[in-house]
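Note that the chains are named A, B, C and D in the order they appear, and that numbering of residues resets to 1 at the start of each chain.
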Amino acid sequence: MSMLEQLTHRDRVFDFLAPVASPVDVRHGPILYMEGVNVSFDGFKAINNLNLTVDDGELRCIIGPNGAGKTTMMDIITGKTRPDTGSVWFGSRHNLLTKSEPDIASLGIGRKFQKPTVFEALTVFENLELAMAADKRILPTLTAIMKPEYRDRINEVLETIGLQQLRDRLAGILSHGQKQWLEIGMLLMQKPRLLLVDEPVAGMTEQEMERTAELLTSLAGKQSVVVVEHDMGFVRSIARHVTVLHQGSVLAEGTMDQVSNDPEVIKVYLGEEA
Amino acid sequence: MTIKKHVKLGLSALALSVSLNAMAAEDPIKVGILHSLSGTMAISETVLKDTVEMLIEKQNAEGGVLGRQLEAVVVDPASNWPLFAEKARELLAKEEVDVIFGNWTSVSRKSVLPVVEELNGLLFYPVQYEGEESSENVFYTGAAPNQQAIPAVNYLMNEIGVERWVLAGTDYVYPRTTNKILETYLMDMGVAKEDIMINYTPFGHSDWQNIVSDIKSFGSAGKKTAVVSTINGDANVPFYRELGNQGISASDIPVVAFSVGEQELSGIDTGPLVGHLAAWNYFMSVDSDANYDFIDQWVAHTGDEEAVTNDPMEAHYIGFNMYVEAVKKAGTTDVDAVKDAIIGVSVPNLTGGYAAMMPNHHITKPVLIGEIQDNGQFSVVWETPSTVAGDAWSDYLPGSRDLIADWRKPLFCGTFNTVTGKCGASAGQMAAEEAE
Amino acid sequence: MAVSQNWLLRPFQERSTQIFLGVLFAALVVVTFLHLFMPQDSALHVSAYTVTLLGKYLCYALLAVAVDLVWGYLGILSLGHGAFFALGGYAMGMYLMRQIGDRGTYGDPILPDFMVFLNWGELPWYWLGFDMAWFAFIMVLLAPGILALVFGFLAFRSRVTGVYLSIITQALTFALMLAFFRNEMGFGGNNGLTDFRDILGFNLRTDATRLGLFIATGIALAIGYVICRAIVASKLGRVSIACRDAEARTRFLGYRVERVQLFVFVVSAMLAGVAGALYVPQVGIINPSEFSPLFSIEIVVWVALGGRATLYGAVIGAILVNYAKTVFTGVMPDAWLFMLGGLFVLVTVFLPKGIAGLLKKRQKQPQTQEATA
Amino acid sequence: MSIIRSLTLLLIALVSLWSLPASAQDDDPGKALLANLAEAPASNVEEAINAIVSSGDPRARGWLEAYGNNRLSRIKDTGQVVVVLNNRGRDWEIANPLTGENMGDMSRRELDRVAINNAIRGQLEGILAMLDLNAADPHVREASAQDMMGKVDASLVEPLEARLELEENANVRNRIEEALAIYRVGEGDIEAVDVLAGSLHPRARAALNQAVRSDDPVLAKKAGQALGTIEQKLKLNRAAETLYFGLSLGSVLVLAAIGLAITFGVMGVINMAHGELIMLGAYTTWGMQQLLPGQPGLALILSIPAGFLVAATAGIIIERSVIQYLKGRPLETLLATFGISLILQQLVRTVISPQNRTVVTPDWMSGSLVINDALSLTLNRMYVLGFALVVFAALMLIMRKTRLGLEVRAVTQNRNMARSMGIRATRVDIMTFALGSGVAGLAGVALSQLTNVGPNLGQNYIIDSFMVVVFGGVGNLWGTLIAGLSLGTINQLLEPWAGAVLAKIIVLVFIILFIQKRPKGLFPQKGRAAEG
């Protein structure tokens, strides 16, 4: 059925006609475009007619109470969850709904999970090596060798995330904050066009938070960054543009000041706390 | 072991006058027992191990053989077929046993066969089997199809007037071959093809509802119907239960089984089965003094008043005594000498007659048909007027019709083709050539 | 440490592999020497019986290595590897059956004995070609390989993982066991294939052939070990571990997890097939009980005992358990299942990393000191 | 056994009642009659039986019954004919058939059984049935008339017709008429075909089938038509029967799997020793029957709590000694419990016996519920089906309505959270595992009525159990129920045309493919927790 729908949609390019790893085309607008997206689990509407656009090079913060659908939204973008209806486009060329997770990742969307997920049985260095942008098919991976330029690149990132000392230790022994950093480092290795960062500062100290804020803002411009965060202080320190999600759809959008004065938003947040 | 051998060498060098027998008295005769004590076959085979141990004990109490004591070497092939071959090799090559009593399933025998032939051992195989085999090194003390299946069918046909046949079996080689033989035999006797129903089930089949219901409707076609069952071991209990529950009594559709003995019945409530049949060469209920003595001995050995005996136990009893006689006759435990000596040896069986070893390494047996009783025993309702000699190669299979086995010189062949007058290159023949 | 650029040569630079290969080849040489040159009644003589027994252990060891590759490094607990082992065995068995030629009981030049007496008119199509050694040897790899490919493709594509995967691998081998038990299948039913004579023109019933097979198995184990090591030491090996520990994360890094799984699974199945093919001529029989789910579980237990995700641990586990089995079934046949069962329980509870874990713990201490220094 | 035994006892009671003039034994005509029977060569047995029947001796029935049950023996030395009361073991308890006096034990060696075979037994049954036709209870009469079907011969026609005249009960009349008609169709009577036209009794069908082959074209045609209508009815019955078979097999699968659905599905323990827990339940039934000889029914009922307790205790021991140390390592529980299963099997082999044990089916569970002549539902399976449903309902109740159920669900969903709320997770683990194991024990009690009770019992069900749980969806009891029943039904539907082996293979392949389609089974657990 859905096949048929796809074929009859005039505004879609057939998948097989689209160049496989074509660069993201942002000449005609945003880098991420979501429209009319709906998802429900067992009758519970997790995402309800969500519309969202993110511009190229933008740093966007997404906030919202628990159960607002933030993580589900990321799942949709990265291909983990398929929406019931709606469309999700990466640039103007790639329909994300037809692609698998690895495809989406190779298109240039990187994701950091809410719970830091690193490969604990591998060393810090190896974690970054696996994340590195490279030919990720089977045989090339099997015969891959560690070229000096790769090593340099990994070392560079190690320095950025401050884990040079621990490069040969197993990721499993890292502290929570260090894991967060490692995961951000893995994102950097991927050289994505769009970074999806889910609660990057949970469990970080004040200092670490500052550095994270610094890093994320420095990335913006070259890459687009979407940050989901609970910590209002942190959001305030980095945000230029904020979207508030509530019950699966956008409640408000604007600068931090605009949003925090929005009566609806106040109601939702205060109502939550009351 | 090596030290023993050195001592042996030294002794024989020193005292040439000492007779071989006296010297050998130092060493017991080693009897290998190759029966599964664990795994699925343990249920049947454990008692056979105990039987051989009992026979050895008794023989030793009577002074052993040739003045030498017998010693059991027990190994556990764990119902694992490759392990059977390995253990056989262990017995022959490492333990250097003089004879092996063992195996139950056909596949285990097939697995062991090349080893026994290669290492020139002696194997006594105590279970009824499909025939189509005769090895220089194996003695088949269980029934061949012509000692069980065919007389049973004759009984049903002539005494009960059965005209319609269900051949039900577990899907492995013994039922397949037996049913093939029976099918040919029945058709030779003028039974129409549509009056024969053949059904195979997997090992341990436990849900018989459909099949029993099929048998029931097959049996309502107006002709006297009987089931010839080659259903193996474990699957029998649920099969008989289902028969009983679906109300099929022995007077409606009798079932004659070739693999159900006292041992199997001891796991079944036989109340509803009274009158169903089994064909064997021995029943525990046989009225003979040899049998009563054997049962007394067995009860004493196991310490279990309820212990039952069965046909393969009798086969070991016969096989063991034949071996003892053959060793006495040959005056040595040397394998080739015993092989030569054993042909023609005749020992009492437990049914009041004698069993003789034929040149094809099968023995003569009476065929008994028994009805199941409510006490888990069979009562004999019919028996062959005289003993029947086991036929290694069936007359009812196309490939083997012309084959005979005769391990006496000069023929000395397990697959002699009476039409071409040549000896097929069987395994035993090859081994013999190599040995020479 | 200069890491070799060639992925296949990399293992030879690892100390563990060097030790493993050293020990293995030393064992091969010693056994061969003791078998050939020691007099029969010397205490040091290794009999043909022992050689075959050792050959069997080595087959099991290779099988265990194959299982460890998928379980240890990929996190796929296959309870159906016995199926691949048995398929390899059957491919070899079919070749050996055809080699019997007209020396069978019925003297039929083409049909194996069991077909003759069950009245098969002609050779079924899937038996064609097995009279040629090269074809049979290719099938040893292809038969399990294709099964693994099809099964793995379906399973990994639909992301069947964890316990579910384990259970359906069990269903696979169980279904195959039932199928091969059927006499209509044309694989000899319960009796399987047996009574083999020659392999590549060598008489299987001579000690020289046995020794040859033992050495061949040792070499196959060495090659299999090196292949597995090479995969594990490559970037693909690290991706496998990544799949094992965090499948979703690996996907978001752009790796096609299902293809990684499929590749490793197929390699492992082929290795299992080779192990089966070498096993059959040494034990002299192949029968559907090799498909039994219990056997497959037992393989996993060897690996667990030896130590998961080490490869050499799998070898140690396989040899140890089977040696114990040989000893106990001889020494105390009534009690050996208690020993075996008790061993499994004790190892899983008290030695979660297996024997290899014990070895490693010893090594680790100096290493960590180095690292901190 | 018990039927026969009670019959024998009854017989002895009757015998002693009737044989008042016991003093004059030597002149007792019974003695000669019995001796005649015992010594008759095979060809004269019938005559000897007839002599007994026509003697009009009130003890005749008892003698014939004893004879039919293989209980008549001759003392070798004296030639005296005796009734064997207990024929187990080497010494048999015997009694005097003339006086009913117990003569104590006698060695088997001294006794010679009076031979009987199926042919004679068939005749005896006919004679006994004939005697029963005069019984007061119409059910007995009906049963005996039914026994007569197909056994009527020329000599019985007249007495039967006479009986028919007297008979008032319609059911009994119908039966007698059918029995007579079967005989008459055999004799070529065309009218009699009409009587049989509606009958579903296999003997009636057998008679018609024979008539179809008869030389008389009219008879053959009519019989053919009658058969046609019967076949139509049979088809329907056959379908109902297959459905019943399917549900019955399904209920066995459900019973075997439901305990696993708890230990594996809810707790995540891959319990390979599950089959052995079932086995323990079955052995408990056997043990109970040994403790209460002669009362298999009571023993069976007592086995239900006992089997539960034994298996649950074993479960607790397993949980405490092994599984608690393997928290969060589900695949390793597989290995450890596999070891436990080996130990338990060998334990039973060593302690009890490697042989199967006899578990007696109580009278009220044997036989079948007769819907009509073509459709009868076997009672033991019906009880098992009902038992499975009851166990399932009880489990649902425990999981849904009790505090334990709530705690179990809480602990499985979020262990730490549950702990912090004051639930003692360790205790819940023990209880859950004990519950799952206990239910396995219950399955064993039920299975003891269907299959072998032996050391391998568990192995035969473990794989099927896992398939059912996985097919239904791990952690979902309803899923297990639906999966078990549907797999059973599919299997039985396939069996008639695919054969037993192929049907099983097809079901397995079906499960494999189904799991590809729905990787989490029929009823997957949804939501975030399930992703874990």
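Everything that follows uses one rule, which is that a contact is a pair of C-beta atoms (placed from the backbone, for glycine too) under 8 Å apart; a residue touches a chain by one contact, two chains touch by 3 or more.
Since we're looking at a predicted model, the values are computed, not measured.
K.L.:
Measuring centre to centre with C-alpha atoms, which chain is farthest from chain B?
P.N.:
If we average the C-alpha coordinates per chain, A ends up farthest from chain B.
K.L.:
For the chain pairs B-D and C-D, which is connected through the larger number of C-beta pairs in contact?
P.N.:
Between the chain pairs C-D and B-D, B-D carries more contacts.
K.L.:
Roughly how many whole angstrom separate the Cα centroids of chain A and chain C?
P.N.:
43
K.L.:
Return the distance between the CA-based centres of chain B and chain D, expressed in whole Å.
P.N.:
Those two chain centres are 31 Å apart.
K.L.:
I'd like to verify one number: the distance from the centre of chain A to the centre of chain D, where each centre is the average of its C-alpha atoms, in whole angstrom.
P.N.:
64
K.L.:
When you check chain C against every other chain, which residues touch at least two of them?
P.N.:
As it turns out, chain C has residues touching two or more other chains at 178, 181-182, 334, 337.
K.L.:
For chain D, write out the residues touching at least two other chains, lowest number first.
P.N.:
Each of 346, 501, 504 in chain D touches at least two other chains.
K.L.:
Quick check on chain A: which residues sit in contact with 2+ other chains?
P.N.:
Within chain A, no residue touches at least two other chains.
K.L.:
Give the list of chain B residues in touch with chain C in this complex.
P.N.:
Touch residues, chain B against chain C: 2, 5-6, 37-38, 74-78, 80-83, 85-87, 89-90, 93-94, 105-107, 110-111, 113-115, 118, 132-133, 171-173, 176-177, 180, 200, 202-203, 397-400, 415, 424-427, 430-431, 434.
K.L.:
Please name which positions on chain D make contact with chain C in the complex.
P.N.:
270, 272, 322, 325-326, 329-336, 338-343, 345-347, 350, 459, 463, 466-467, 470, 474, 501-502, 504-505, 508-509, 511-513, 515-517, 519-521
K.L.:
Contact residues on chain C for chain D in the complex?
P.N.:
Interface residues on chain C, with respect to chain D: 77, 151, 154-155, 157-161, 163-164, 166-168, 170-172, 174-175, 178-179, 181-182, 293-294, 297, 300-301, 304, 334-335, 337-338, 340-345, 347-349, 352.
K.L.:
Could you please specify the touching residues of chain A with respect to chain C in the complex?
P.N.:
Touch list, chain A to chain C: 78, 80, 100-102, 105-106, 110-111, 113, 117-122, 126, 129-131, 136-138, 141-146, 168, 186, 190.
K.L.:
Sort out for me which residues of chain C touch chain B in the complex.
P.N.:
Against chain B, chain C makes touches at 41-43, 47-49, 52-53, 56, 102-103, 105-108, 114, 116-119, 178, 181-183, 189-192, 194-197, 205, 279, 283-285, 287, 289, 326, 329-330, 333-334, 336-337.
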